[in-house]
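Accompanying notes for the structure given below.
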Amino acid sequence: MRGITQVRVYFSDTDQMGVVYNGNYLTWFEIGRTELMRERGCDYASVEDRGIALPVTEAHLRIRNPARYNDLVEIETRVGRLRTRDLAFLYQMRVEDRLLAEGETVHVPVNRETGRSVRLPDWLRGELDAGTNVP
Amino acid sequence: MRGITQVRVYFSDTDQMGVVYNGNYLTWFEIGRTELMRERGCDYASVEDRGIALPVTEAHLRIRNPARYNDLVEIETRVGRLRTRDLAFLYQMRVEDRLLAEGETVHVPVNRETGRSVRLPDWLRGELDAGTNVP
Amino acid sequence: MRGITQVRVYFSDTDQMGVVYNGNYLTWFEIGRTELMRERGCDYASVEDRGIALPVTEAHLRIRNPARYNDLVEIETRVGRLRTRDLAFLYQMRVEDRLLAEGETVHVPVNRETGRSVRLPDWLRGELDAGTNVP
Amino acid sequence: MRGITQVRVYFSDTDQMGVVYNGNYLTWFEIGRTELMRERGCDYASVEDRGIALPVTEAHLRIRNPARYNDLVEIETRVGRLRTRDLAFLYQMRVEDRLLAEGETVHVPVNRETGRSVRLPDWLRGELDAGTNVP
């Protein structure tokens, strides 16, 4: 499962080095995975409605080329591993085929009421897994 | 009631114009009023524990001189009007006596559970009012 | 001159009150005016290329109803006054015709190199003014 | 070389899960390394004055326990590796001895004017290295 969404760079994203501030890439990761899930009929809000939250437990970012003001950045998101107790999303950010940055987030499924870690429910695994192995 | 707190400007606060991004002043407003309340024994978290939230309904900002990277900004906060249905905080931001910006936020007391507007409780008025009229 | 652009609410925009954090509306103001200018062929980046910057000197926000996670917010932006030494943009934010918030930003044209205030150039007035008086 | 600085959690840092938004930890990383450098007489602004910038090329974050509103978070920062072409800072965040999160950022020294990668200058290595090996 893989999807592409676009974000525009505004002044609010930049810092005085004239490039996008590194913390903002984690917001782009959120946009990437949220739009991927929405596109595939597995809206994150509906996952929460079913009692499961997917908090971020790890985030990894590698910046290859800085993103700049007014860039139209393409975020490509894929589902990485899907395990019993955690799952990952993988990200690549590009401007016109130039790779800007890559990253990964790890998420642990938790029961929204208790906050406790739970096994990844089969229905969620099924929705996230759809097409993962398709070339 | 009046208090002063300090914030340092980091890259995360700046944009590529080389100055602090305008939206960040609203975060500084929050820091200013939160630290004022804490100092006076009326911690915002404890207000919420007593069932009242004070969401922002208006914010007004006037930038006189831009704040810059590494500036140590002094936020002076005062309680403005205290009315039955709303209250205001007033802010002035300075670097070494140079006025950077001024602002105001308006807040409506609401019942945290219902989200409905309520009268400003006497205990909260009392705590916020302490010293307001002292020169 | 008037334009509409849409933004989606993500977790990054919300705070623990479960609504959009007030400072983020100023980022939406930037998105609103930037997309309005782009749409009308007066891209902000090209204004800067011609030597003029338009820093925010005032921002005013009134929140009527809180925006929430996953809302698709419509930002309607209009050019307000266009004067020799300053200009304003006006904003209304809605979700499905429900008014969430209104606001205004004031900008002073400055020479990008010197940082000094300058008269609003005729070419920029012309581009921003196009259609302002059309009903 | 190791230093500790404190940050308070405000609403602006939280999201509607009721915890600190993951992207904000990268801002805390910046605060941690900036204050470490300042404390040791190697102010980042003065590094830039000498013509060197240290942009972030990688950031890694592991969240062990979520930080919450009003927490007073202790950021402990250490210099990690110091190599010819890159260097790293290591971070641990705690609230009253409870580990919240750990992380690392990697930085490449660049010439501020050309933007090109340069060798880590000896004067900077010396300042960052001071005390690194002291227990």
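Each chain gets a letter, A, B, C and D, in the order it is written, and its residues are counted from 1.
Just so we're on the same page, contacts are C-beta pairs under 8 Å (C-beta built on N, C-alpha and C of every residue); 3 or more make two chains touch, one makes a residue touch a chain.
Everything numeric here is computed off the predicted structure, so don't read it as measured data.
Chemist: Farthest chain from chain D, comparing Cα centres?
Modeler: Between chain D and every other chain, the largest centroid distance is to C.
Chemist: Once you count every C-beta pair in contact for both, which comes out on top, A-B or A-D?
Modeler: Between A-D and A-B, contacts are more numerous in A-D.
Chemist: How many Å are there between the centre of chain A and the centre of chain D, using C-alpha atoms for each centre?
Modeler: Using C-alpha averages as centres, the distance is 24 Å.
Chemist: Suppose each chain is reduced to the average of its Cα coordinates; what separation in Å results between chain A and chain C?
Modeler: Comparing mean C-alpha positions, chain C is 28 Å from chain A.
Chemist: Go ahead and note the Å separation of the Cα centroids belonging to chain A and chain B.
Modeler: Those two chain centres are 34 Å apart.
Chemist: Listing for chain A: what residues touch at least two other chains?
Modeler: In chain A, the residues touching two or more other chains are 11-12, 17, 19, 23, 26-27, 30, 69.
Chemist: Under the definition above, what is the set of chain B residues touching chain A in their complex?
Modeler: 11-12, 14-19, 21, 23, 69
Chemist: Quick one: in the complex, what on chain A touches chain D?
Modeler: Residue positions touching the partner: 17, 19, 22-27, 30, 53, 55-63, 66, 105.
Chemist: Using the touch definition up top, name the residues of chain B that touch chain D in the complex.
Modeler: Going through chain B, the ones touching chain D are 8, 10-12, 26-27, 30-31, 34, 43-45, 69-70.
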